[in-house]
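Letters A, B and C name the chains as they come in the text, with residue numbers starting at 1 for each one.
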Amino acid sequence: MATDVSNKFDVIVVGAGLAGLAAAHTCAQAGLETIVIERGTKPGTKNVMGGVLYTRPTAKVFPEFWKDAPVERPVIEQGAWLLTSDSAIKLAYRSQRFADDPPNAFTVLRVKLDKYFADQAEKSGALVICETLVEEVLTDGDNVIGVRCGRAEGDLYAPVVIIAEGVNSELTRQLGMQTDLKLDDTASVVKELIRLDPKVIEDRFNLSGEHEGTTIEMYGDATLGMLGTAFVYTNKDSISLGVGFLLSQAVEAAQTPYDMLQRLKQHSMVAPLIEGGETGEYMTHMIPEGGYNRMPQLFGHGVMVVGDAAMLVNGIHREGSNYALLSGQLAAETAIEAHENGDFSGKTLSHYRARLLDETPILRDLRKYRNAAHYVESHPALLSTYPDLVSDAMYEMLNVDDVPKRQKQWEIVRMVLRARSLVGMAWDGIDGARSML
Amino acid sequence: MNTAVCIKQVPDTTEVRIDPETNALVREGVPSIVNPFDAHATEEAVRLKERYGGTVTIISMGPPQATEAIKKCISFGADRGILLSDRAFAGSDTWATSYIIAAGLKRLMSEQPVDLILCGKQAIDGDTAQVGPGLARRLNLPQITYAISIEEVNLDARRVKVGRRLETGVEVVEAPLPALLTCVEEMNEIRYASLPNMIRAARYEPEVWGRDDLEVEDELLGFNGSPTVVSKIFAPPEREPGEIIPGGTEDPTGVAAVIADKLIEALGATASV
Amino acid sequence: MPKKPKGVLRLIAEKCIGCEVCVGECPFDALHMEAGLPVIDYEECKLCRKCVKACPTDAFYVEGEEEAVEEPQAEAISDTEADLQARLRQYSGVWVFVEQSGDQAHPVSWELLGRGRVLADTLGCSLSAVILGDGIDDLAPEAGYYGADTAYIVDDPVLAGYRPQPYAHGCLNLIRKYKPEIMLIGATTLGRDLAGAIATDLHTGLTADCTGLDIDELTRELRQTRPAFGGNIMATILTREHRPQMATVRPRVMEALPRDESRTVEIIREPLGLSEDEIATKVVGFKPDADLDKPNLTYATVIVTGGRGLGSPAGFELMKELADALGGVVGASRSTVDAGWISHDHQVGQTGTTVRPSLYIACGVSGAIQHRVGMQTSDTIVAINTDPEAPIFQIADYGIIGDLYKVVPELIKVANERNLKELLLGKASEAVS
């Protein structure tokens, strides 16, 4: 049956997350016959992230998306809290400039958002096939020539395969592009949606309406002093509450992700924010934290790796979604170039890596922070011995104006704007600077 | 052998969540699925196609998003899908729904011969089991509900033999074609769709027929055409909670004895009334 | 008695698509095609209506009073409020369809008469039983014993086994002639099959699976209450402008009146007016279920239900032991059925069977709303669960917070020691007599 359907495409994308959809959208727009294979029932169902999407990198792939995409609230205030068991040092930066058109960043819910991006890719002509697992990559010698899906008549062929299957990518392992992950290469994020009336959310977070949102990152007691963060983001009629931490440390501390989340919900600083809310979906997800040092090979003959699958995540700034979008787009541009030249070897596809280096700060940033995670890890006191050390850090932090070097000041402002992670600056102010700059 | 299958897109009730405070249904984020019984009907139609040749046409009534459910049926192996969708159809009860779908089927049957019409036995959101019989009456077709097996289709004699799932066994009936069947889930196992069918479904755009594409009278559509009206919605009355017999963990023997006493007392009390 | 055909066959040329189906169907060669349209030879036409039925676009109709009502559209009268009220007033009386097989009535019929009695008394009208079948005379007095004032009987060999076409035909004739305002039918496979067909032709409202039926005394309307969305919401549904107001009700939802042999019933007989060769569908066989263990949950006196808390399919053996000790049958929650631990026949709840036993014991059942709506009218409910927050405790008469594997063996022991089975069975026989 259905023998009329061709199994040959110009590009196969494995995974309909942000990276995969960005790649598929870009390829399809250039007229390439593009198919996306996703194992979840819908794009986004297997995707979890804290829930902040930056406008600028996203708009590079999906121009003016904010006009009709299902975003939640523009982020006009970003906070960082250092928690002890019963108190908190709170820091916030709020600016109406964040609310300019378009705003700097939005809180988002992935299931809705990914559906939107998938629709955009489909409108451009990409096919999105869900509920289908890619079991293996088909190769001919060193060349990747297609994929085998877990369905009858499941072989698909294309001169370019873009692997965007997320963290813990089986396919890159199959191709020998990456070795097995270690526990400390991955972080786990657990997240819960707490449904609340929009008015209640706006009162509690000092917001004047649906057009304003806030994000808070929490450190210290929120993660039992483990390396990681907790977060509270305001959506339209819900709050995203979550904890992220390194798997290795969670195993050591014998804490289940669920325990950590419950603990956070009961924290005296957090409980009032979610009081009276109705608990919605509970999600858990792995995030690659290995960073630069653990990045797989990014390309081969007929294949490129993007997004989380490529470990393109900045553990310090918690930037994953914009890296995913940009890497997807660059891989797509490379695939388009390959089709133009009729050369799908690693020689052409290496331009993907070159583009990542030249056109984005991604690889440079990742390289810069390559030892940061391990630095904090080997200095457990950094996040657990408060209040002294942390408040010292805060002191440095709050005295930022006194730092004489203009260069340094600029660096911090840049971080505030680009990242939410104020703690990064706290580290910046203390001894850790060495490992970060 | 051409089959038409009537399907409905329904909320996946296994994932419907309840607001414990208001006891209201939280519909947000509840995925929509093809009504499971209709999925089995589609599977059966595809199996008939494999056996006897011909085509499978899906027909559904619903909002524009219901094209998703039709595409799902295309991935099961159906050939064509038609969505009956129009503002004028909104608010239809089962009477008006069968009126509209019958009009859609009549148009389909005017375009091509249809030998068999399959429906699910009922939809899991309303559980009424009324649209199938309604269609059979309106189209003047033999009505065979609760079909569990299609034992034989004789295209020369134009007859079909069908097993019906009744409370105490399976009744076998014979009827002339075309006939209308409503299907139970034991009829078949739904097979995992092949990749080419998934691709076909992803590319497929169902036809949409609106009010003006059908021969229907306005006063029989939607709210106006529905004999029933919902006059009130309320939380279900709950039985009063009784007592907790303590000691369930420490003293199961004692608890069992207390329960026996209570039962004997309760039975004695009602027996003497 | 052969009727003289009335009326004239007419073609609506705009509807005709020239498919020639009618020409092939006509047994009297009364139709032939001219310029793409069928032409009727009135000399030959016997008004058999084969063409009317066969026409895929309903292009034929019979002009004349009798058959005009076959078209549902014909009853779709748009009228003024006064006309409407006058039309509705033509309908009077509460009817209950008596489902029978092998001259045994399904108990749901008597349960509906029980509720119908209340409705008829409120309205101040009569309560009637509608009995169709072959050799079913004995059921008429029986219907009287359970509350009916009148029994409408259609007795015909064609009605020997249930088929929708002749049963709908018989019911429709009766309803059109005697115009009841309410018609109740059991929500069984037979009843659902029939009700949907009748309501379609009558162009009237039909409410499935009602759990509550009462009369709005001001408007005389039947308030039909049913669970919606898996039981999370109750909806009250009215049929405002159409009659009869039709409802189906599941077995064990209503209660039958005590059988009273002193009651008498008026019998009204009507012919079916349909011969076997006019009926398309033939019943050619019946394979009774081989599974004799199939539980009769609906009318069980005692049900012992296992839920997820059993931990494994093996837990149902313990349920069976307790059920045996109490003379009951085993029920199951939806999740255990979905997990494949036990067959769907055992499932209690909205998507399973509605039950109303004297004693319901829920073991390791959390008590989701869809389960509760199927069992909360049980006389006595006992719940055993390790989770004190389990919703089942909200409706249990007696709750035990503990491990079912510790408690149930003790219950089995005490049931045997104190002979609870006899006591429960005694109650069951009392209920029947």
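Definition applied: contacts are C-beta pairs under 8 Å (C-beta built on N, C-alpha and C of every residue); 3 or more make two chains touch, one makes a residue touch a chain.
Please read these numbers as outputs of a predicted model, since none were measured by experiment.
Q: So with touch defined the way it is at the top, what topology do the chains form here? Options are line, ring, star, complete, other.
A: Shape = line; chains linked end to end, path left open.
Q: Can you identify the chain nearest the overall CA centroid, using each chain's own CA centroid?
A: Answer by centroid distance: B.
Q: Return the chain whose centre of C-alpha atoms lies at maximal distance from the corresponding centre of subunit C.
A: Chain A.
Q: Taking each chain's centre as the mean of its CA atoms, how far is subunit A from subunit B in angstrom?
A: About 41 Å separates the centre of subunit A from that of subunit B.
Q: Find the geometric centre of each of subunit A and subunit C from their Cα atoms only, then give the gap between the two centres in Å, rounded to an integer.
A: Inter-chain centre distance comes to 56 Å.
Q: Between subunit B and subunit C, what distance separates the C-alpha centroids? Give it in angstrom.
A: 17
Q: Would you mind writing out the residues of subunit B in touch with subunit C in their complex?
A: Spelled out, the residues of subunit B in touch with subunit C are 13-14, 16, 18, 23-25, 93-95, 98-99, 106, 109-110, 124-134, 136-140, 142-146, 161, 163, 165-176, 179, 215, 217, 219-220, 226-239, 241-245, 247-249, 252-253, 255-257, 259-260, 262-264, 266-267, 270-271.
Q: Help me check something: in the complex, which residues belonging to subunit B touch subunit A?
A: 17, 19-21, 29, 31, 50, 77, 192-200, 202-203
Q: Hey, which residues of subunit C end up touching subunit B in the complex?
A: Residues 15, 17, 19, 52-54, 56-58, 72-73, 76, 78, 163-165, 168, 188-190, 192-197, 199-201, 203-209, 223, 227-242, 280-289, 338, 350-351, 358-359, 369-370, 373, 376, 379-382, 384, 388, 393-403, 406-407, 409-411, 413-415, 418, 420, 423-424, 426-427, 430 of subunit C touch subunit B in their complex.
Q: What does subunit A use to touch subunit B in their complex?
A: On the subunit A side, the touching residues are 1-5, 7, 35, 41-42, 111, 127-129, 131-132, 149, 151-156, 278, 280-281.
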